[in-house]
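Presented sequentially are two complexes of subunit A, the first with subunit B as partner and the second with subunit C.
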Partner chain A sequence: MSSSTELTEKKVFLLKSLDGVIFEVEESVAVQLEVIRELIEGDCARPFISLYNVTSEILALVIEYCKHHAETCSGGTSATIADEDLKTFDNEFMNVDENILLELCSAADYLDIKSLFELTCRTLASLIKDRTIIEVRKMFNVENDFSVVEEKAVRKEFAWAFK
Partner chain B sequence: MTSKRRRGNNLPSEIRDRFSCLSDEIIGHILSFLPVKSAVRTSILSKRWQNLWNFITNLEFEENTLIATSSVYDVEHVLSCCTSPHINKFSLTVNCYVHDERLESWINYIIKRNVRELRLEGSVFPQCIFTCKTLTVLELESGVLFDDEDIPTCSDIDSDSDTDSDALFENKDIRIPTSFDLPNLKTFRSCLLYYSCDFMEKLLSSSPLLEDLTIEGTVTSDFIFDLSCPLLKRLKIVLRGRKERKDVQCKIVINAPNLEYLELVDISTVEYDVENLTSIAEVKIDTRWEVFVNRSILWLFREIDTLKSLSLHDIFISVLNSGQRRDLPTFYNMNRLELFGKCYSHQSRIACLLNVCPNLEVLILHKVSVQYYDRELPSLLGDKRTVPECLLSCLEVIELDGFEGNKEDMEMVKYFLANARVLKKLTIKSNLDFSVCKRLLELPMSSLTCKIHLC
Partner chain C sequence: MFPPEIITDILSRLPVKSLLRFRCVSTSWRSIIDSQDFVKMHLHQSISTNSNHSLILGGLGLYSVDLDSLDRAHILKPPFYYRSSDSISNSCNGLILAMSEPPVLWNPFSRKYKILPEALVEHPTPLCFSKVIYGLGYSSRNDDYKVVRVVEFRNEESHMWEYSETQIYSLKLNSWNSAEGFPYPLPYLKGNWGVHVNGALHTLVEDFFHLYSDKTIRIMAFGVENENHYEVMLPPEIRIKGVNMKLVVLEGCLCLVCANKYRANIWVMKEYGVEESWTKLISIGYETTDPDEMLKPLTYLKPLVYSKNGENVLLNCDEKRLVWYDLRRKTITNVTVSGLPFVIYPEVCVETLVSPGGLVLEKVDGVKKQEKLKEKKTQKNRYNDSI
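The block that comes next holds the complex of A and B.
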């Protein structure tokens, strides 16, 4: 790749996180963020884009995810091998604590990355599914603001679900 | 995707409700990945959560719902609470082979909510399913197809809930749905007690976008299915015959130029008329009938140009080795071969297949207990000095399932290790004692990069 034409050949975008950290990403990665793809298609994409709702810690992870997906999909490997590879990557990528998982989910929604949004939602659901109500409250700091009477009433309404 | 509505999150993260960074709609979406019961249970987490599950768009009732009893309440209650205008998925198991207006009213309700995926098990299937234009996935299991008349009443089966439904309907006049309109259906999976040619024909002709078809059931009477679907990519047929009905004449016509995956399991006496499989890449056949093998092998080997992966029972090898089938074509694209058999075929027996797969990369051998088949396999290649081409140049993965460590097994491993020059991974699945493992690891290897995995 010749260095003088690199900028014109490979479009690069600078993404600025909430806490002011700047990330350089190639167009193939940037377009996975639907918000940015829409800007590019509408011809209003500037090379410098501020993302006000995403911290640098989360943005770094989001870019890692998009980069891997962009590379795997554009590589010459067959569809089934690429699928396997992405599955393995996604599984490992979701091996983070629940705070990061929630922030990734929120960021994927804000940046409009459908596959990451679905992946984080699915992972959060599995965390809820395997736990009791008390465990879920503890894990996600959910405060039980029902009175004893109120909680009893909800349990009674859906008694079949608590059997 | 969901709209953005967020709450302030200025509190330190240790005491903050961690879900506060997500909108109600997003949480509703997360709950859609849970079975209905688990989603409803989250209503007592806190006041915020009390109605969040109402956003769910996947309604999967995991447990059996007995229509005849009072537990019917939960389905109706859930449907009345869910406010989403679109239902993505509805899944329900009802063990009750009676026509029930309530089931029909639920289905009608979800059809109005533009349901895309529908799975029903163990019921009479209401006619309205087959004219649901928004459906992309339809799964019907162990149910019965017929319309309102001529169906048993509750009293017919209430007396004995374990009644064999198969026997129950043996003499009933089973009718099939009359109108079909499934313009968006891409996947149809069915496991039915009865199939009728008329039903299959109408269903297929009303679903022009069908890509994935599974037919599972028992063959009870003569039929001809014409499975000629232009866009079909995956086809799985599991038909069991009945011992007392060996005379049943069944024929399946497959003409699917886009078919990539074909799986045929435990075939009865079905005859296949196959043509135009120009895209086929993967074929799995599990059968016990030699007569079927003889018939099917001809069409299977006509499609060699595109075949990349093949999974066979070793009964095939005996046919391949016998008589006039000696001149096998060459499978240039084949990179994965999987064989099932009662013992690992000696290398001289599978050599005939390895010899015609010059680009094979993965070889998997399974040992399965086989009662129905006990015939000595003839040895075709007496000359062990001729090592198949794929072993010398491309075979990278060998997997042996059910390894026992007897003399024949050890001989085979020894042969592979000595001749597979580019082998990267040999996986042996079995519970071997230490001394056998030690002997395995001491065998000479011709590949410099081979790793042996014992599991």
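The block that comes next holds the complex of A and C.
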């Protein structure tokens, strides 16, 4: 990179959340969102992008995540130190209420951020691994549409898995 | 409601036991978990992230050790007739073959199993004794699991191999078919056949046609899809004389252990079938810190799996102990697993929902059927003895 481009202003994007809050992000952060990277590559990116499926609370977290990942990856630190740093950050980042975790997961899917999607799916999986059926239904807001007889039969097929 | 595609993604990261429980959450969750696409997605997820893996220990009795926690050996009780002297074949996508009579295809994680129909009876040859060897393989083109049964006839006195008869069982067809006999002998002692990589079973074959010249050794593969034999090249320019060689699988790659009293080299074929891709992964010798001589005798070393971060390899030493070998520091750390049997023959197995076709509810019938078959056999033997 020549010094003249370094001096030019960094390109910024304005992201608007579902509830109308506007976030200013640099290009290096915005491209972590695959949906926006595709817009930029297709030359369709306007400086102002509305994200209809993400609330400001979640978008703020998503931007925090992308910022940290963008900075760590572009910094001069060695790959192993960067890896360690990201691992620590990810672990702390996942230390949130499980409803937020669910929203983060669905936002990562909508915005197509592969690493965040992978991280949230993995975290959710380890959260529910040992939970009961009733707890899982409640967490994902799933209605039990089995009849009593059916549920009993399905349960019996792998009764040992409930011990 | 939470999008179902994301639910599928989260579920694909769970162990089998949780999945079998969560079939009860709702009818749509049950449909997701029972679908063939999900079974495959779950399998690939576990393989690509190196999670949901266990060691299945054969030998005397059966045990499983979860590789994520690696803390305790759990006794496995097969839901079918299994003598502790029977052993298990290689594993393949979560299925293993219990080499009982008749053999049983079994998923130890979903506990489903299928008793195989009786294979064709081999014709006895005078002055020969026979020995049955099994291998389990997967044919991706037909999405079929195949059991390869090789009956070797060896000379009663010299134990030299004379010829083999081969039968292949297809899970899809649920029947045995005769195939061309294996043109080479399989390792005489158990535990070495059935190295399943890339849809083929591999074995080391000593070139028995050149008895009087220098010993040569080759890797022979049997592709279960096309039922063909072919050779896989050894690492170039390796020493063969005075070296004990062993073929194993390490995370889906063919892996060769070459060891003598002083040094063990572990090679990995990073790209299947590409001779140039053989890479020396580990070299253990006088420079390796091993104050308690954990790694001795080196000829018994067997690599099992990489750690999650890829920095360590789990080694089975002396068929009794497990240690982590640090690839960068070249040091070892002892692994303490409670409840391990005295001798361990570990087989790395990925936890899957792959079904051997049978039903769990068949359990009682299955055992009865097996016992009946056994009874029949004993009667037949008695009859044979009396005439």
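Definition applied: the second predicted complex is superposed on the first by the 137 of 163 C-alpha atoms of A that agree within 3 Å, B and C clash if a C-alpha of one lies under 4 Å from a C-alpha of the other, contacts with A are read in each partner's own complex, and residues count from 1 in each chain.
By definition in this document, a residue touches a chain if its C-beta (ideal position, glycine included) is under 8 Å from a C-beta of that chain, and two chains touch if they have at least 3 such contacts.
Keep in mind it's a predicted model, so treat the numbers as computed, not measured.
Enquirer: Which partner does A:D145 reach: the first (subunit B), the second (subunit C), both, or neither?
Expert: both
Enquirer: On the A-aligned overlay, A:V154 touches which partner chain: subunit B = first, subunit C = second, or both, or neither?
Expert: So A:V154 meets both subunit B and subunit C here.
Enquirer: Regarding the shared-chain residue A:C121, is it in contact with subunit B (first), subunit C (second), both, or neither?
Expert: Once the two structures are laid over each other on A, A:C121 reaches both partners.
Enquirer: For A:V21, select first, second, both or neither according to whether it touches subunit B, subunit C, the two together, or no partner.
Expert: neither
Enquirer: After lining up the shared chain so the two structures overlap, which partner does A:I81 touch, if you call subunit B first and subunit C second: first, second, both or neither?
Expert: Neither: A:I81 stays clear of subunit B and subunit C.
Enquirer: Going by the contact rule set out at the top, does A:V136 touch subunit B (first), subunit C (second), both, or neither?
Expert: The answer is both, since A:V136 touches subunit B and subunit C.
Enquirer: Applying the document's definition of touch, where does A:N99 land relative to subunit B and subunit C: first, second, both, or neither?
Expert: After superposition on chain A, A:N99 lies in contact with subunit B alone.
Enquirer: For A:V35, decide between first (touching subunit B), second (touching subunit C), both and neither.
Expert: neither
Enquirer: Touching subunit B and also subunit C: which subunit A residues?
Expert: Overlap of subunit B and subunit C footprints on subunit A: residues 102, 105-106, 109, 117, 121-122, 124-126, 128-129, 133, 136-137, 140-146, 151, 154-155, 158, 160-162.
Enquirer: Contact residues on subunit B for subunit A in the complex?
Expert: 1-2, 4, 6, 13-19, 21-23, 26, 29-38, 40-47, 49-50, 71, 73-74, 77
Enquirer: If we count contacts the way the header does, which residues on subunit A are in touch with subunit C in the complex?
Expert: Subunit A reaches subunit C through residues 102, 105-106, 109, 117, 121-122, 124-126, 128-130, 133, 136-137, 140-146, 151, 154-155, 157-158, 160-162.
Enquirer: Contact residues on subunit C for subunit A in the complex?
Expert: So the residues of subunit C in touch with subunit A come to 1-3, 5-7, 9-11, 13-15, 17-18, 20-30, 110-111, 360-361.
Enquirer: Mind pulling up the subunit A residues that touch subunit B in the complex?
Expert: 98-99, 102-103, 105-106, 109-110, 112, 114, 117, 121-122, 124-126, 128-129, 133, 136-137, 139-146, 150-151, 154-155, 158, 160-162
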